[in-house]
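In what comes next, chain A is part of two complexes: it sits with chain B in the first one and with chain C in the second one.
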Partner chain A sequence: MDWPRILTVVAGELFAPTTAAYALAAIGLNVHFGLTGLLNFGQAGFMLLGAYGFAISTIAGFPIWAALLVAVACSTVFALVLGIPTLKLRGDYLAIVTIAAAEIVRIVGRSTALTDLTGASSGLRGDSYKETFQALSPFDDGTTTLGPFTYSNNASNSWWIRIAAWVVVVLACLLVWRLMRSPWGRVLKGIREDEDAVRSLGKNVYAYKMQALVLGGVIGSVAGVFYVLPRAVQPDSMGRPMTFWIWTILLLGGAATVFGPVLGSMLFWTVLMLIKTVGREVIPNTIMTNAQIEQFGWIVVGVTLMLLVIFRPQGILGDKKELAIDVR
Partner chain B sequence: MSAETLSAALADVPRSPGAPKPDPILVADSVTRRFGGMTAVDVEHIEIQRGAITALIGPNGAGKTTLFNLLTGFDQPNTGTWTFEGRSLAGVPAARVARSGMVRTFQLTKALNRMTVMENMRLGGARQPGENLGRALLPPLWRSREREITEKAEHLLERFKLLEKKGDFAGSLSGGQRKLLEMARALMSDPTMVMLDEPMAGVNPALTQSLLGHIQSLRDDGTTVLFVEHDMHMVRHISDWVAVMAEGRLVAEGPPSTVMADQAVVDAYLGAHHDTDLGDDSLLEDEAVTRQLEAEAQAEDTERAHEKEQP
Partner chain C sequence: MGLLLMTLLTLVIGASPASAATEVCQPDPQTACLGGTIRTSAGEPAVGVELDVAGPEQVAAVTGDDGRWSARLTAAGDYVVTLDESTLPAGETLRDPAANPRTVSVVLGSSAGALFPLGQPTAGGGGGGTDGEGDDGATAPPATGGEGGGEPGLDTAPAGSSAGGGFSWSRLAQQASAGIVFGTLLALASVGLSLIFGTTGLSNFAHGEMVTLGGIAAYVFARTADLPLLVAGALAVVVGAAAGWAQDAGIWKPLRRKRVGLTQQLIVTIGLAITLQYVFQFFFGGSSLRIVVANPPTVRLGPVLITQQSLISLAIALVVLGAVSYFLLGTRVGRATRAVSDNPALAAASGIGVDRIIRLVWTVGGALAALGGVLMGLYLNATAWNMGATILLLMFAAVTLGGLGTAFGALVGSLVIGLVVELSNLVIPSDMRYAGALVILILVLLLRPQGILGRAERIG
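== the complex of A and B ==
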């Protein structure tokens, strides 16, 4: 068996752009769920909107900063539209509305009526919107080898996107760290525990929940931009499964922690890659074909999510003492 | 204000429901709340004396907690207006009611279980600029206020004998300690009026004594207290004035020493016919009653006969 190759591929997942994008999306979800207790089951919708906003406005000729602003504005409006009717109700309603709204975004995006804008179900080709991002790169064209890893400097799955994406992940972690330890974060935590108690202390619960929903959604839309930069905008690849992978990542690393989403994303993608590559080497084709091994990996993800919620709801980094106090 | 000056001030207040007070802090008019066909609250007029401890008592289902919810903005009434310190508070959201100086606690304690005792207390602090999203990112803007809040919290925790617990999660406290914590937290914003919903429920007798002391010292510091309570001993012990509700209405008011003897209060608690002798033969002389009983017996007989036919 070719262990060095397998280990290189698996280790490459640790800092892959997709890992960073999922970490970022999970950080956004952490603002919703970990900090505020909002049940957002439509994080993929925020990502898809961010991706569409960025790609379509870039294709229309916007500079990169304007395209990013469009992405952020899309998710802000989306969060407001979702939040205005539901945040005054019990938490479950937000869950129902977000999962439906994310599907609406995807289905509208892939509808043939919008072929000129979104490319319908075939999506938008990566080449059509990558130009402005790659132009920002300080590197020469070509490839660079660092240890066992060889990637192109600028094109698609490049060093440049890795650097940019992980810098943004670090900045998002810093932001969450700062906010969690601020009085603002304390109010959110109070809302997570008991809205009425916080209301009785004179805090406008609705406004805080809305701020959290918008902030987490905006982080999600930036994650969407980084997710599509090395590939294409494919509405069907950003549906419900994506939302649940983000949830798995968040719960694996530990909700309400700063580094939980990052650790969760790294673990999720490396272990998945390990299962796939080792499976292809070890399991003979007569027992499981390559396509079946791919499916098997996702089955493991589902079982992991179940086991996590049952046996270790606080995740890897979560505070066990904090969760030991059962409030329900 | 001391208990003596208060009882002097309240001495001339008529002992009738809705009586006007010399210096009311809260005045409510025609407050009603219906749940479907049931009228839970129907209070025509009530005034709460500033600086006094007013007890709101009444049998189960009298509408005490519902009235609390309405006055503090946690529920919306069908009709009614009320003013707090001269400002109208009808229709004002709960958070703004609290900010205007009327802070409440809950019948089922709402300690924020997975936050520490100290964080619970800090959350009660008012005017913390760091609770604004933008300013939260710049600690120099809120650190000094945070220190003031922490100092105040430590002072209050010491008074409520919770200081050594300040690092513990609120969920690990006993039920009584959580009640104390909730009350201390409500005091963080220096409210002019506190509304305590059954502060003694589930609190052991040793803690009750210190809770009573805390409520009295609140009054002595000038805070108005309105509380719902079932424990008559406590009501008699600390309140300056008692308002009695039954079936949603305010039925009696008066000082604690005399209000319990009020006929309306006795009726509310024991029923209006509690001293009617149901074994009295004269009741049977009423022909209508006799006839009704006979009809009932007959109906029962035919029913039994019917059942025999169809086993």
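== the complex of A and C ==
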């Protein structure tokens, strides 16, 4: 068996752009769920909107900062539209509304009626919107090898996207760390623990929840941009399963912690890659085909999610006293 | 309409779930994959069909034992894919001869698909394949095409439901009848969801998988074990009931006893849904499974063309729903069920065995969902690993619209949702029709969260 190659591939997942994008999305979800207790099951919808906003406006000729603004604006509007009616209702109503809204975004995005705008179910090709991001790169074209890892400097799955994505992840972690220690963050935690108590202190619970929903959604939309930069915007790869992976990542690492989402994302993708690569080497094709090994990986994810929620809802880094998922 | 189908068929460039028996081609930054799956009109893989891919490079491809072909390309650009019709299995023809040869543009680092559906060359019939729910990770999975991989019902118009624009009274009647059939089948599946929510307060996101289980069990009994359809359907319902019973006994009762909160349980149902979906995919692959191979005969009722199967399904569904209503209204156990649904604590205090009732609700709910799955699989012409997941939100919409926790609300809500889904075809493109139902779901939650038949109470 080719252990060095397997270990290289698995270790490569630790800092892959996808891992960063999922970590960022989980950080956004952490603002919703970990800090405020909002059950957002439509994080993939925020990401997809961010991706569409960025890609479509770039194709329309916007510079990169304007395209990013469009992505952020899309998710802000989405959060407001979702939040205004539902934040006054019970928690599981927000869950159903967000999951339905994310599906609506996906179904409308993949509809043939919008082929000119979104490319329907085949989506938008990566080269059509990558230019502005790659032009920002300070590196020369070509490839660089660092230890066992070789990637191109700028194109697609590059060092440049890795650096940019992880810098943003670190910034988001810093932001959450600051927020958790700020008076604003303490109010959010209060809402998570006991909404009525906070309300009786004269705080506008609704406004705080809305701010949290928008902030987490904006982080989600940036995650969506980083998710699609090394590939293409494909609505069907950003549906409900994606939201569920983000939840698994958050609960695995530990909700209401600063590094939980990052640790969760790294573990999630390395373990999946480990199952996939080792499975391909060890299990003969007659017992499990390569596709089945991949599906086996997702089965492991599903079972992990169930066991985590039942036996260790605080995840790896969390504090059980701080996070009881059911507060209402 | 033919044009619409054409567009649907051509627009299948991209990633979709992997179900290959052989690892054919993995796109990476230097290579691109062009591929698809060719199935006979009966849904079996077409083996040994030769294709020629010409463009910046020239590659020949042959379909394997799983009907799958792929071409590995290292240059981007437009490729002309030509299918050699003389290599098709005996008696098979291209459904759309005009689409051969076809031009596909290929981008490095991604998978593109070119589909050649087989069957009678008609303008109507089922739609083509579509990209499935991507289980996309760091690597783009190889493309699946053909009839497989798609979400059943999302793009594939079921028999009796016509896609495309234009309004006429006969189309209205056609769509309305399709809506009533779809709504009734949806009702079967959602009654259990509503009762489970009523008695335990749990939003069961794994209910869709019970529907899928019914469809897949019917497929196994009817196709693998070769039993008559009625027997297969009945056995599938038994399997569903057993699965419902086992789920409550194995997971939900221990969790209730452990006093695990409802939100936690909700996330557990999501974990269960993921697990079951991929277990189905593990054993049955990512493509559509046809419970019945033959195309069902149709009947003309006034302006409406409907399949015999749909009529029989409708009759079965109505009888079963009648029986459920009688059970809830006319029997002691049914009254106890409604009492638990109304107020579990009070019901327990009046001497009703709440746990026994909940077990019963899970069992009956599982059986009804399985029956719904069997009939839905027949109605949509095929079942697949994600059939239940696709209609899960429609079930939630129906149940919420009718009033969460009320069994009759689920009936009314399902009919409304069924009609909305099919009638919205008249005004919006058919691939957006599920979105209409979801918009209703959101509007109901905003305007009348207790639903049509629910009791107004303070929520939140």
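Just so it is clear, the second predicted complex is superposed on the first by the 319 of 328 C-alpha atoms of A that agree within 3 Å, B and C clash if a C-alpha of one lies under 4 Å from a C-alpha of the other, contacts with A are read in each partner's own complex, and residues count from 1 in each chain.
Going forward, a contact is a pair of C-beta atoms (placed from the backbone, for glycine too) under 8 Å apart; a residue touches a chain by one contact, two chains touch by 3 or more.
Keep in mind the model is a prediction, meaning the values are calculated, not measured.
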Chain B versus chain C as contact partner of A:251, first or second or both or neither: second
Broader residue contact with chain A after superposition on the shared chain, chain B or chain C: C
Which superposed partner A:186 touches (first chain B, second chain C, both, neither): first
Which of chain B and chain C A:136 touches, first, second, both or neither: neither
Which of chain B and chain C A:117 touches, first, second, both or neither: neither
First, second, both or neither for A:60, with chain B first and chain C second: neither
First (chain B), second (chain C), both or neither touched by A:205: first
First (chain B), second (chain C), both or neither touched by A:167: neither
Which of chain B and chain C A:14 touches, first, second, both or neither: neither
Intersection of the chain A residues that touch chain B with those that touch chain C: 325
Chain C-facing residues of chain A, complex: 13, 16, 18-19, 39, 85-86, 88-93, 95-97, 99-101, 103-104, 107-108, 110-113, 115, 120-123, 125-127, 152, 155-157, 231-232, 234, 236-241, 244, 247-248, 251, 269, 272-273, 289-292, 294-296, 298-299, 301-310, 313, 324-326, 328
Of chain B, residues touching chain A in the complex: 72, 74, 93-96, 98-99, 103-106, 110-115, 119, 122-124, 126, 128, 130-133, 136-137, 139, 142, 146, 169, 171-172, 182, 185-186, 188-189
Of all residues in chain C, those that touch chain A in their complex: 4, 7-8, 11-16, 18-23, 29, 107, 109-110, 130-138, 140-141, 154, 203, 255, 258, 260-264, 266-268, 270-279, 281-282, 285-286, 389, 393, 396-397, 400, 428-429, 431-432, 434-435, 438-439, 441-442, 445-446, 449, 459-460
Residue ranges of chain A in contact with chain B within the complex: 175, 178-179, 182-187, 189-190, 192-194, 196-205, 211, 215, 321-323, 325, 327
